[in-house]
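Two complexes are shown next, each including chain A; its partner changes from chain B in the first to chain C in the second.
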Partner chain A sequence: MSEVKSFRKPYNPPVKKMTWWLENSFYTKYMIREGTAVLALFAVLEIVFGIFMLALCDIGPIPTLSGIAPYAWYLQNFLGNPVIIALNVVVLVSQLYHAITWFALMPSAVRVFMNKNSTELLPRWIITAGLYAALAGATVVILGVAFLTV
Partner chain B sequence: MRQFLPTRSDEPMYWLMFGAGGMVASIVLPAIVVVLIAAGLTSDDLQHGVLNLGQVASIFSNWFLSLVVFGVVFLLSFYALHRMHHSSHDFGIHSKLTWYIAYGSAAAVSFISLGLQLLMYVKFF
Partner chain C sequence: MEATQKTMKVTVLRYRPEQDKEPWEQTFDVPYHKDTSVLEALFYIKDNFEPSLSFRWSCRMAVCGSCGMMVNGVPHLACKTFLRDYEGKDMKIEPLANFPIERDLVVDLSDLIEKIERIKPYIIPDAKNANMPLNKNFKQTPMQMEAYLQFAQCINCGCCYAACPQYKLNPKFIGPAALTLLYRYNTDNRDAGAKLRAPFLNSEEGAWSCTFVGYCSEVCPKHVDPSSAIQLGKKMSATDYVFNMIKPEH
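Coming up: the complex of A and B.
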């Protein structure tokens, strides 16, 4: 946090009800989108937990069953747990919802000009379509590498 | 007295990490979560299932892929906790404590991931 002297005097309206965002579908959709960040954090913690369990393992020249026990536990009892699989499906759906809203807002956040000599902007659909193409490309690459090298 | 204090806001730095993390969350995270689900469904077969030991060892023995995994963890943790920090305003929390909690946890998760990856690199490969 910077120590710049701020002359800002924000008005913070009192929040009377914690469920204010349920009263209007626009607010509900907004809060669901904010909530996707919590599930993204869950996915990150899953990855870091996997790295931790792998670091606990003991891989010699020939891995033994007892040496790789922590990682085997992570795969079978954590990732293989039906509750975690169901949670991961929820995470997947939430991230796709986040992706749709993120791609829809991106043309408003990033202004790309057609050329140097005009103020004409690149059509919105080109930026959105490019991002969907990036999502498709990244998905094909990651799933291809993951499933073809097992 | 001269003040040795920054004269500009540092908010753009966090916003940059938030923007990059949002891109990661929408472009690569869906595929990563599909891989995690597939790993859970095929975990009975430790030899040939998704994310088996040989596969993850080849990810983390490669410094470039390991750095990519770290980048995903780092950007996503800052993205998620930045968003949670700002959402706390919507619930009437305007304390500066959430700033320390959010960015502190994000930095901790990133450093733990980097440290464990370095440890693995030294220990296994």
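Coming up: the complex of A and C.
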């Protein structure tokens, strides 16, 4: 045993379990990215609701809502509602924020060398550019199908 | 020259366990010029105002990893951070976040050290190469070396743990530096220890506790990019899981 008296008394700073993500803008941006998942859920429920209304039109005698077929009601009264339009704009902006920040982060999860004998890594921008190209491709296909079937 | 010397208000978090209940702030006017580092500012304070101020340092050149601390809330090496970059602002120096404070700017890093030891941070050769001299069967091509070299640059300064909100919320998380070293050794073609490290990588407090906040990579003074190593570790862990499903070990 040492003769020297120890004054050791480590101090543990308190952890703010609920508000830690407000301490630093990097954390806040991360939490906004995670939070966009909630808005993505809204978009998914909206589509599921639309499919449900479409299915209602297909079950024999068509029930009506305010005198029109369910799917027409969904298109006009639901999707046409200014509140829903405003919500959809917010959802779109949030998903773009998610995509932009995620595409910037994604190259960290990929480690590919230029070729078999190279010591040079595939540059980050190529991976990010590939993701934007995939996003553009998917958008063109979806919009194309939408316009062709209208 | 002397007449134009600038000064900065530098606030340091003090904690003296023998007399303080909790940390408190002390502010000093520190003169600086274009090459004054935060570490030198601390020396100036210690030499001129507060001889009892405690902080860790050794190499003064971002090699030893001793002087990790929070500068205006961001983890930095004091020796690699310069007052000129904070011109016009005040500076606040605090001990590295997410670790218990021992005294002033000195924190207890034993949790970090234990986790680094836990993941077996050394080359474990296969049975055939065991006890072979390292120059025998361990030649590497430049590419084989490049595969892990970036992740071998870690100096164990602890800045990534101070940056990690997951470690803040769950101290059981093995954390960025240790998981990066785990990936570094698993990726080394001279190493055959991946199976021994798998339980740590695959566990709840291993790679899967990381939610890819990415702040560790932002603050790493050696550009190791721990968040990259952890995401690649997740890939390793998932592959291991699938292979074990198809062909169980036991």
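Keep in mind that, in the parts below, the second predicted complex is superposed on the first by the 114 of 150 C-alpha atoms of A that agree within 3 Å, B and C clash if a C-alpha of one lies under 4 Å from a C-alpha of the other, contacts with A are read in each partner's own complex, and residues count from 1 in each chain.
Criterion: a contact is a pair of C-beta atoms (placed from the backbone, for glycine too) under 8 Å apart; a residue touches a chain by one contact, two chains touch by 3 or more.
None of the values given here were measured: they were computed from a predicted structure.
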Item to complete: Examine A:F147 and indicate which partner it touches, taking first as chain B and second as chain C; both and neither are also allowed.
Response: first
Counting residues of chain A touched by each of chain B and chain C, the higher count belongs to B
| request: Go through the superposed model and pick first if A:T119 touches only chain B, second if only chain C, both, or neither. | output: second
| query | So, does A:F7 touch the first partner chain B, the second partner chain C, both, or neither? | reply | second
According to the stated criteria, A:V48 is in contact with first (chain B), second (chain C), both, or neither; which is it? first
Report task. Using the touch definition from the top, say if A:N88 reaches chain B (first), chain C (second), both or neither. Result -> first
Which holds for A:V15: it touches chain B only (first), chain C only (second), both, or neither?
-> both
Chain A residues contacting chain B in one complex and chain C in the other 12, 15, 21, 34
The residues of chain B that touch chain A in their complex are 5-11, 22-23, 25-41, 43-44, 46, 48-53, 55-58, 60, 69, 72-73, 76-77, 79-81, 83-84, 87, 89-92, 94, 96, 99, 109, 112-113, 116-117, 119-120, 123-124
Counting only contacts in the complex, chain A reaches chain C at residues 7-13, 15, 17, 20-21, 23-24, 26-27, 30, 34, 105, 108-109, 111, 113, 117-119
Chain C residues touching chain A in their complex are 15, 17-18, 22-23, 73-74, 97, 100-102, 108, 142-143, 145-146, 165, 168-169, 211-215, 217-218, 225, 227-228, 231-232, 235
The chain A residues in contact with chain B across the complex are 1-4, 12, 14-15, 18, 21, 31, 34, 36-38, 40-41, 43-48, 50-52, 54-55, 57, 59, 63, 68, 71-72, 75-76, 79-81, 84-85, 88-89, 91-92, 95-96, 98-99, 102-103, 131, 134-135, 138-139, 141-143, 146-147, 149-150
